[in-house]
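Before anything else, here is the set of structures, which you'll find just below.
Next, two complexes with chain A in common: one pairs it with chain B, the other with chain C.
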Partner chain A sequence: MATVGRALLIVAFAVALYGIAASIYGAVRRERAWSDSGRRAVYALAGVLTLAFGLLEAAFLRSDFSFSVVATHSSTTTPAFYKATAAWSSQEGSLLLWVWLLSLWSSLVLVLVGRRVREIAPVATAVLLGLASFFLTLTIFYANPFDTLAIPPAEGVGLNPLLRHPSMMFHPPMLYSGYTLFSIPFAFAIGALITRRLNAEWVLATRRFALGAWLCLGIGIVLGARWSYTELGWGGIWAWDPVENASLMPWLIGTAYIHSIMIQEKRGMLKVWNVSLVLATGTLAILGTFLVRSGILDSIHAFGASTLGVPFLILIGAMVLGSVGLVIARRGDLRSEHQLDSLLSREAVFLLQNVILVALCFVIFWGTFFPLISEAVTGTRASVGPPWFDKYTVPLAFALVALAGIGPLVPWRRMTVAAVRRSFVAPLLLALALLVALLFVSGARADPKALAFLVVVGFTLACVAQELWRGIRARQAVAREPAPVALVALVRRNRRRYGGYIVHAGFAVLLLGVAASTSFQHARDVSLRPGQSVRVDGFDIKYVRAVAKPEAEKISLGAVLDVSKRGRHVTTLRTSRGFYPAQDLSLGIVGRFFNGEAESEVGLRAGLGRDIWTVINPDLGPLQRIIAEGNRRFRSAMLAIQAKGDGSQASIGQLYALRDAAVAAVARRFVTAPWSSQFRFIVSPLATWIWIGAIVTVLGGLIALWPAPLTARRRVTAGYAARVARELARS
Partner chain B sequence: MNPSRKRRIRLVVALTVALLLASALVYTSFSAGSDERTAGQLLDSAVAGKTYTLAGTVKQGSVHREGGVLVFRVLDPHRPVSAQVRYTGIVPDPFRAGRGVMVKVRRSGSTFVGEKDTMVTKCPSKFQVAPPSPGSGAST
Partner chain C sequence: MDFLIIVVVLCVVVAIVGAPLRRRGEQEVESPEVGELADLEAAKEAKYREIRDAELDHRTGKLSEEDWRALDRALRGEAVVLLKRLDELRDRAAAVS
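So, the complex of A and B:
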């Protein structure tokens, strides 16, 4: 099977190369037959890679340890769900996933819009296939997922315990979908620049893909944050780790792009800016992939010690130089048709929002690459931590939330003073009322920065609600519909606009959760014995009893905790730490069951008001003496069996049964003779609103992405066609 | 005012603001950045009171707890020396002997005190691991 897999990769590579040649030839000679052949090569590539990926998945599900990647990332004891996800836990499998998703999205875009942008599509096809052939080169020559072992092992290493989380099924594919979808507007922008078809046609053709990329990457980022919160045992959602930052940077520039293209669509402005943003987004998506794989920056997530850094650097260098060169060469064709009429206009608000997003991205880029920058400048590698990132990102996020409220209220071209008064009085009064309430009712005044943030979030939500209310009233006046029906009809008829407003509201709620849960969080690290209690933010948390659960897959040592407030029971929390057996036999026959990889199971009581979060870190120190004794005795027994020449299955099996009983007995000492364990307790107000905000944002994004009803689409297309005709007449 | 002159003034103002902000960014990153050092470098030249980022591998057999304090030694990748670290705060799940770590520390006599919640442990999942030797499967 591995041979078939390797052959499929080579066929895919050949198909990609053929597609590039056919597309370029078709574009240069303007021969549609060759361009169509290039397009069909993309479909063929998607088919071949689907087979290859299916083959790899089948090898994981069958625990076929003749595949090197299966032996090192799965095992027979790995649950089937995680066997399926283990395919992309490896460098090799994730590269194949990347190129497979790219081929699928490329096929989709060519099916949907290839005929609408006939002149650009062949060049875009060549660019997409160029990216695909780059990744196929890596999978064939550097990290082949179909490499085999001469003698397959009886058992595999297993999936890393930290990756055994339901998010593993969705988080990486969502991130990769985001990255690969951003390659599509990138490729079409290159096509538009090369063919000089720089009207807004390519923007319109790929807009939905840019939005899809933004949505997928956003979902991937949020799933990663949720995973971090519920699995990684530190209680946070974002650590400014280089790999986390690598996913955020293209998302930020992509956000700027999906806003600024509206200015190009409506007014024919910012063409250089838009094309630069989309080229930067595509390049940052590749940079993100590079950061995970090169090992150039220290990250908890990176695939370190790999040899992929140089090929990626060459690709990124080519993308940057090519993009800059093309934009400079075509600057004459990218002139704006209009100038900014007023600083009090939607264009100006979008522009300011774009500048803030780019600044935010630059800050994150600088902080992420600072170890390399400082090494180049001073000769010493230095790094900046979360406080440095927070210093810059918090005020910028503050401004972004405010603009998310202001933007929808400001009309295109210019806004009169009377309109300002009409639009902003109600949201400002509501924000003022919120400020008063927070100052006098809640304890928020203790942190002025957080207080200001909460008020700005309130202002933004009020702005969005006012816009929705105005739309509902307008529909009611015309159609006399009840408010809920009017709301649904309103959103249905202008999905992009109102979907966008819902995204703004969701984003504001998400940041409300982040601000409140980090600013007003109470955290304590304490060492407790069973029976002892600790008070955190008014909650009394009692360590009721220790729990030990020795299983074949892992040994879990944990605690049951009772949470009460003013004597009333609130909840019961269960947290544990799972110890997975190590493959390293030097740790001892018993010791390898306690000193392998470990992962935390968080105890969480989530609520709309606050989350109570805890994790245990059992100290294995008191067990080490018994473990050492167990290692010594079983080693002696093993040697005795060997000395007697009694290596029969029965004797070995008996010894293993005794060992398993001994391991279970050692684990149970955690319950029978308990000692102190280290706990972290966190009480975070409004943390749940992070996830509620994220869900609202995704819903808004899906609404904006969903195709509009045919009549509305015709109206937009007709208006747009008139604009394109005007542009073409001018050029 | 002439519209093109107005645009030029806006551009100059915007570029000046961007330049000032970029300068602040560069200045604060260099002043707030914590130098990344090996155990040997810190033992030779660390100054008390200054924060450094200690990077290296956790020494086998050196990890133990003293109450709520995690004590371990970090090996220098180039020299046969190690620095003892006394750390409180979040211990990442992948932390254990033999694993690459980075932690912000300050010198305190012959040992180094780790700043709370600053420890980063490289995730072994994503590192290239050597394939298991044939037939080395564990039976439980």
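So, the complex of A and C:
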């Protein structure tokens, strides 16, 4: 089947090249047949790549170790769920996933635009197929997932333990969906620039895809944060790692874009800005993919050093130069149709928000690439850490959250002073009340920065709540419906507006969780023996007993902990560290089961008020003497069998059974004669609100993304004014 | 078996991609009016959305009665201009075909 896989990749590459040629020919000669053929090449590409990806998945699920990528990223003991996800844990498989998703999303956009954007679509098709060709070149010539081994091993290396987490089923596909979906507005922007069709048409055709990209990338980022919180064993959600930053940068610029295109749609303004934003987003998406794959920056998320850096740099260089050149060449066609009416308008708020988002992206870009910049300038690679990022990003996040509240209150074009009073008094009073309450009731005054942030979040939530309430009242005045019915009807009729407001509320809640859980967090690293206790933020945490679970896949050593407050039981936490057998036989027959890669199972009690989080790091020092003795004895037994020439399956099988029993016995020592283990305990308030905020944000995004009822487009022969009124009433 | 699968895939791909070219007898050439029509349709939809948004802004207290009436009148005027241009273009396209 590997042969079929390789052939499918070559067929896909040929289809993509043909599609580029057909689309360009169709666009230049304005012949629909060729454009349609190019469009169909995208559908065919999606079909061929679906087959190829299916073949790779089948190889993983069958544990077919004749595939090099399966032998190095899976094993027979890997659970089926993780076998399925192992396909994208490899460089080769993830590149195939990237191009497969690109082909699927490209097909979807071409189906949905149908006969619209006829002039732009063939050029956009060529751009999308160009990107697909690039990734197919990588999969065929640099990292082929269908490469085979001359002598397949009996057992595979297994999946990296850190990737054995449910989030990993969805995190990479979501990130790649985000990246590839951002390629769609990028491609249509290029098409619009080349064909000089720079009005709102291409924006409308791809707006939903930009929103989908933003949503998918956002979900991917949040799933990554959840993985970090529950798997990496340090208790945080964001470490300003280069690969994390690489996904955040296109998301930030994408956020700016989905706001500012509304100004272009409504007012025909900011065309240069919008097209620059979308071209930057598409390029940053490729930059993010490059950072994961090139190994130029140190990251726990990267695939390590590879030869893919140069091709990616060429592509990114071409995208940047091409984009800048096109924007300069078309600057005459990109002139704004209107001017900003007032600084107190929705347009002005969006512009300010855009500037902040771009500044945020620039800060992150600078911090991420600082090691390369410093190396180029001083010859020494230096990096900046979380405090540097926090110094600049926190004030910008402050302003963003405040604007998330201010924006919905400000109308398009201009706002009068009277309207300012009407709209802002209640949210400001609520924010003031919150400030007083936090100052006198909570301990938040200990951290003025966090206190100010909580008040800003309160203000934003009050703004959104007021908008929803006013909308409900307006709806009730017309339809006389109960409030819940009016709310549903209001949101249904204005999905984009109220979906957006819900996103703002979710985003504020998410950042509230981040601010509170980091500013008011209590963390302790302690060494405990069974029976010993520690107090963290008023909680008494007792190490009740040690536990060990030797399995074929891994050996888990862990602890059961009792958490109580003022003598009352709060919860029981279970945490463990799983040790996966190493393939390196020099670690010893027994030793390789304890000295390979390891992952943490976090003990977590999540609550609306606070999370109690713990992780164990068992000290294997006391076991090393027994492990060394086991290694010596089994080596002797092996040599004895070899000396006797008794290499029968039965005697080797017996020896392996004895080895497994010895490994289990060594693991049990952790329970029967326990010693001190290292623990990290974290009590963080409102951490759960990070995930609640994320869910609300996704919900709002889905509402905004959901198509509105189709506007009836029948031609009306009545007078034009009446026709406007009639068509408005119908939609 | 592998060879057969590859041949079948190739045949299906050629059939899908080549279908529009086999119908080329009609030689459909895109008319320039098509793009302009689409632009105007998009502008009309955006204008309608702007009118609706202004109305909702008024009903939720962000725009005073006076401001909204002036804005609504202006926006509807712009929508009428777009409709007229759309009709002219459609008539022109129909005359050409």
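Just so it is clear, the second predicted complex is superposed on the first by the 709 of 731 C-alpha atoms of A that agree within 3 Å, B and C clash if a C-alpha of one lies under 4 Å from a C-alpha of the other, contacts with A are read in each partner's own complex, and residues count from 1 in each chain.
In this text, a residue touches a chain if its C-beta (ideal position, glycine included) is under 8 Å from a C-beta of that chain, and two chains touch if they have at least 3 such contacts.
Note that the structure is predicted; figures quoted are calculated from it, not measured.
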*Taking chain A as the common reference for superposition, should the pair chain B and chain C be classed as clashing or as fitting?*
fit
*Does the superposition put A:Tyr142 against chain B (first), chain C (second), both, or neither?*
neither
*asked:* So in the superposed three-chain picture, is A:Ala419 touching just chain B, just chain C, both, or none of them (first/second/both/neither)?
replied: second
*Considering only C-alpha centres, what angle arises at chain A between the directions to chain B and chain C, nearest 10 degrees?*
140
_Which superposed partner A:Trp706 touches (first chain B, second chain C, both, neither)_ = neither
*Between chain B (first) and chain C (second), which does A:Arg116 come into contact with in this model arrangement: first, second, both, or neither?*
second
*Name the contact category of A:Thr72: first (chain B only), second (chain C only), both, or neither.*
first
*For A:Phe170, is the partner it touches chain B (first), chain C (second), both, or none of the two (neither)?*
neither
*Taking the superposition as given, does A:Ser37 touch the first partner, chain B, the second, chain C, both, or neither?*
second
*Once the two complexes are aligned on their shared chain, state how close chain B comes to chain C by Cα atoms, in whole Å.*
22
*What residues of chain A sit close enough to touch chain B in their complex?*
68, 71-72, 77, 89, 91, 149-157, 159-163, 232-235, 241, 292, 298-306, 339, 355, 359, 362-363, 366-367, 370-371, 373-374, 377-378, 380-385, 387-388, 391-392, 525-527, 552, 581, 583, 585, 592, 595, 597-600, 617, 619, 621, 656, 660, 678, 680
*asked:* List the residues on chain A that touch chain C in their complex, please.
replied: 1, 3-4, 7-8, 11, 15, 18-19, 22, 29-37, 40-41, 43-44, 47-48, 51, 116-119, 195, 197, 199-201, 203-204, 265-266, 409-416, 418-419, 422-423, 467, 470-471, 473-474, 477, 494, 497, 711, 713, 720-721, 723-725, 727-728, 731
*Report the residues of chain C in contact with chain A in the complex, numbered from low to high.*
2, 5-6, 9-10, 12-13, 16-21, 23-24, 27-30, 34-35, 38-39, 41-43, 45-46, 48-54, 56-57, 59-64, 67, 71, 76, 79-80, 83-84
*Along chain B, where are the residues that touch chain A in the complex?*
3, 7, 14, 18, 21-22, 25-26, 28-30, 32-36, 53, 55, 64-65, 67-68, 88-94, 96-97, 100, 102, 104, 117-118, 120-129, 131-140
